[in-house]
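In the two assemblies presented below, chain A is common to both, partnered first by chain B and then by chain C.
Take a look at the complex of A and B:
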């Protein structure tokens, strides 16, 4: 195995990580305020579709990205209203929205474009690929960071910003307090329900950005159900990273790596098999993690 | 507070109540559960609005719509159920709501620690600001609540049943703290039904009963007897327990060991026996293995070694169901954790562990008529005040849910009853009632194992008393030989010289 091969695996790891990381951050802030958001998948998928649709008609990358993020936030807002305001059951809301968005995108694909399955068109503009001036000439590192989009970089910055917000600011402290003990937070004047709704909507926006990367990053197309469970992988990543933004980076990279390895092995093993790798990793990781967790609890 | 009336539906929670408080004074508001003390305080703290009546502060009429209004007027409340962020530090909890900032945006945690330290020094209440609240014992958590109120700059501090969750030592510290705060010019209202605390700490006492203002008087002019008479509306009779012959051993615990997480055993070669027709008390400061003992006896925890012989059969390590059917009922120490499900209806609560009886179910199908009848009998016989069987267990007051649990366990008619803290946090009337029921059980010739941290309860009911200290039986007394001093010494880990 030569270094160029390793570099390309790392490169594809980084690319696969971004959507998972963004959605996992969304999931993390929800669980930090005590909301179990199952609709990550829906929040991502709607953005995949909306961004490609806007892209098709406007050919503007910026508008597509904004539309994607907004559509994700919109689904997030629906979750917030149903789950936080009206206290509907989380699994029901999440599952319903995931199925609903899957069906709506398929339906709209046919209604607007008359297409089934996928939308590929040479009018579609992809996110511009960045090749950093000096770094691109360094042999190994250049290949590792080759052709990443601005959102790939942005996702790590978002994670760090979230970390600073949650753990260093007063507003973040109040936000965390809502998840720790909502009645206590309210008894001291924090508008807990509003914070919860804001955070769920924000998670929609983050997932939306993740969806945009998926449909306009490595490929520029929309296919039905193209998120293929990434929302659930993100959920695993968030829980593995204990909803801590910086740890979530690490856990997301782990799942990205599984996808990267899966892609790399496609030439050796059947693709159907390698595609299962991230999901197997999810289960194994969750089992190992919860085992360690429960033994830690016992010790206490 | 003048002419305060609060009506819930058709119930007068407060009926034309007056309350005055002077600066630097400690006022005790006493009354049984449901007497309307808490409602009155909630109105003062802005949590509830009165149906009619007025609140004046320094002569000014006030309208409190929320606790914020009350806090702004320097009224603070230490709630019975703490409102704390457990995974956070002491300092973070104290400054919450008025956090020190850096650059207007960032939380200045080192300033929070400094503020906490200054606050601690000012009021002489010591606590490590960096400690996590969840690592603090209950007494310290309450101290955090008090400091929180002090940080809000309250002049009037309301304590709602502050001693209900504390150990005797912690209660002592709390009362000292209250005295100190009063000396510093804070005005304090304490809601309680523990009358000896009132006698220790209060300047003035106000008695409430059934939502009504009954009487108030300076502490120096009253006595525990008078207060309890006013609270309950009748005299509580001193109980004479006639001696009774015992007939055969029901429970024999031999050499019970429960290993702890480190080398020290939680239960350390613990041996006791309980005979039919007697109440055996286990006295001890809580946290000396009582909880674990109960769990080992009832099958919730398998003991590491040793025997639990129940009516001739070794039940150590057997399941809860097996032990119950072998003849053991249990009034658990924490009524909400072990005793009932807060969201279960009264019917469901009542039939728990009775569900296999033929009048309640057949072939796995519940007989709802039978269950209703059974429940009604329990509610009536044990005087559980309720608003119908579909009411949720968690909605009953502490005393009433405890009576229902006592009822349910008594009606098991088992040869052995384990009663753990059967009267914790319930009012005088309920205490008397539960004690009588325990004594009736004894009269019937059943065995009762009473585990309590209330020494007076142990001493007045038990025929024999064991002291538990660090998981072993530190001493055994017949009722006649037991003195508070001797028990106290053993409970604190001392030894009695005359015994050696």
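Take a look at the complex of A and C:
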């Protein structure tokens, strides 16, 4: 256990945190406006695919990121229309959309690229890695922050911006009021349904950005169902962070750490066993913080 | 004369109720198939011809019909497991994990327990059911003791079960007799296998097990106090508590039953079709998720779930047939079934039927 090893674990923790953090923020703003969004997984996965597909044909990082975010927002908009406007059951919409996007991405992967399973190609351009000029020469810190992408940094800024918006601005208070008591908020002239739909769509965009990091960050490829439960881990992170953007950073870092440790242990223990770590950790974390968390329960 | 009138009225009532129960799934299915048609059109094929081939090669030719029923077997049982828990208000997304755990245990017992084959087979099924039930009890106890979200825990446990099962078939239980490339256990003894019901296909007695599970479900839900109590718990928890229902006991029994039923889906697959546990054989086929959708489309009614499971299974068999012949990916089946579920979830489709305005229904189609 030397410091270089620890630094590399922290580095992989930071990388694994980003998709979870972005999706957890998306989940948090949905719960803040009283919408239970189960389709986080779908919102992420569609972005993984579209960003890689656009990347393949345009070789433009910017366009792929935009396409990913937009596709996530599109799925978010579908959730908004079905759940908020037509009051469909959240669990039904969520599970159906998660499966639908899984099928659509596999379908298109075969139809467009003639591939099954995954898409890897030399043409794919990954997000550019940033090595900060001075910090990269500091021994420990340099390794910790090595090769992070701009979205890794951006995700924390987004969390802070969301915090400021929700808790320090008038528009944010209106948004929160919708989640606390929708009829009361409406009686004061707040366009509650509209705000709910906007927030759900925004959650789609955030998850979309998370999906882009997943497919274009550490690796540059698309694999079928590559989100593998991250949407639900993000849901747990949002619930542990009590849907508060800054606390969500902390809870997401915890889940990122579990994935980081899982990756680090892969050299020692068989991969099939270390792969279970993030999922078991999610359950353990939910249990450990259950008392504190009892007010913001997600149980249906 | 009067009795005739009342009888007519009764028949009308039954017909009306039947129509009301079927109306929503039927309309949703039509819309789902329309979305599928749009996708097929976008792929450059004629939807009518594709659908004709899809349904011919799933329901109307004996060989394909048997394949459809074989594939439907685990889907029906999974749908019952979903229905068991969801109708009591417990959002159990972990049917897959419960099925995998139970099946792995059943296979291990069948492989390693000495004794007369029939007895071992029975013990293997029971052990699998016990394992599935325990695996379902784990999240239930966490919900009971710590008020943890069952949605998240049951889903997380799917991944845990799949990875651990994968570990077992990759290392300790791996069949090394062949080329050693396939990740699977050795075959179970021939005497333990479920008999084939058709000489030309793999259709087997697992389907009878599925029918028995459906009958059991109907019996539990309609004829027992437990079925009533568990339904009231999902319908109106405070009323159930007021009526003296011990909710914790009902929750634990409900979830244990769901887990036990889920394990039977996988056991039917191992003992009736594959004769071994192979890595990913229950997850890559997404039996549990198809069962979940069947349960949602049928609004958790056991008999409805049975028929819709067969229909969805047929879509998938037809989907793989057109993938072979036309190159349309078989996921078209999943896309159609997800759209059906979404249309069922949104009650708006019914309004379009009541007031058939062409503009409005076109809008509904576009929103898909």
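Everything below uses one rule, namely that the second predicted complex is superposed on the first by the 290 of 300 C-alpha atoms of A that agree within 3 Å, B and C clash if a C-alpha of one lies under 4 Å from a C-alpha of the other, contacts with A are read in each partner's own complex, and residues count from 1 in each chain.
To be clear about the criterion, a residue touches a chain if its C-beta (ideal position, glycine included) is under 8 Å from a C-beta of that chain, and two chains touch if they have at least 3 such contacts.
Remember, it's a predicted structure, so these values are computed and weren't measured experimentally.
In the model built by aligning both structures on chain A, chain B fits alongside chain C without clashing.
In the overlay built on the shared chain, the residue A:169 is in contact with chain B alone; chain C does not reach it. In the superposed model, A:89 makes contact with chain C only, not with chain B.
Of the two partner chains, chain C is the only one that A:232 touches; chain B does not reach it. Within the superposed three-chain model, A:177 lies in touch with chain B and out of touch with chain C [touch as defined at top]. Looking at the shared chain after the overlay, A:188 reaches chain B, while chain C stays out of its contact range. Between chain B and chain C, it is C that contacts the larger number of residues in chain A.
By the touch criterion stated above, A:287 is placed in contact with chain C alone, chain B being left untouched. Across the superposed structures, the minimum distance from chain B to chain C, using CA atoms, reads 5 Å.
When the two complexes are superposed on chain A, the residues of chain A that touch both chain B and chain C are 299. Residues 38, 81-82, 86, 88-89, 91-93, 95-97, 99-100, 102-104, 106-107, 110-111, 228-229, 232-233, 235-236, 239, 270, 272-273, 275-276, 279-280, 282-283, 286-287, 290-291, 294, 297-300 of chain A are the ones touching chain C in the complex. On chain A, the positions that touch chain B within their shared complex are 168-173, 177, 180-181, 183-185, 187-190, 299.
Those residues of chain C whose C-beta lies close enough to touch chain A in the complex are 39, 43, 89, 91, 93, 139, 142-143, 146-153, 155-160, 163-164, 166-167, 170-171, 286, 289, 292-293, 296, 328-329, 331-332, 334-335, 338-339, 341-342, 344-348, 367.
Within the complex formed with chain A, the chain B residues making contact are 67-68, 79, 83-88, 92, 96-97, 99, 101, 105-107, 261.
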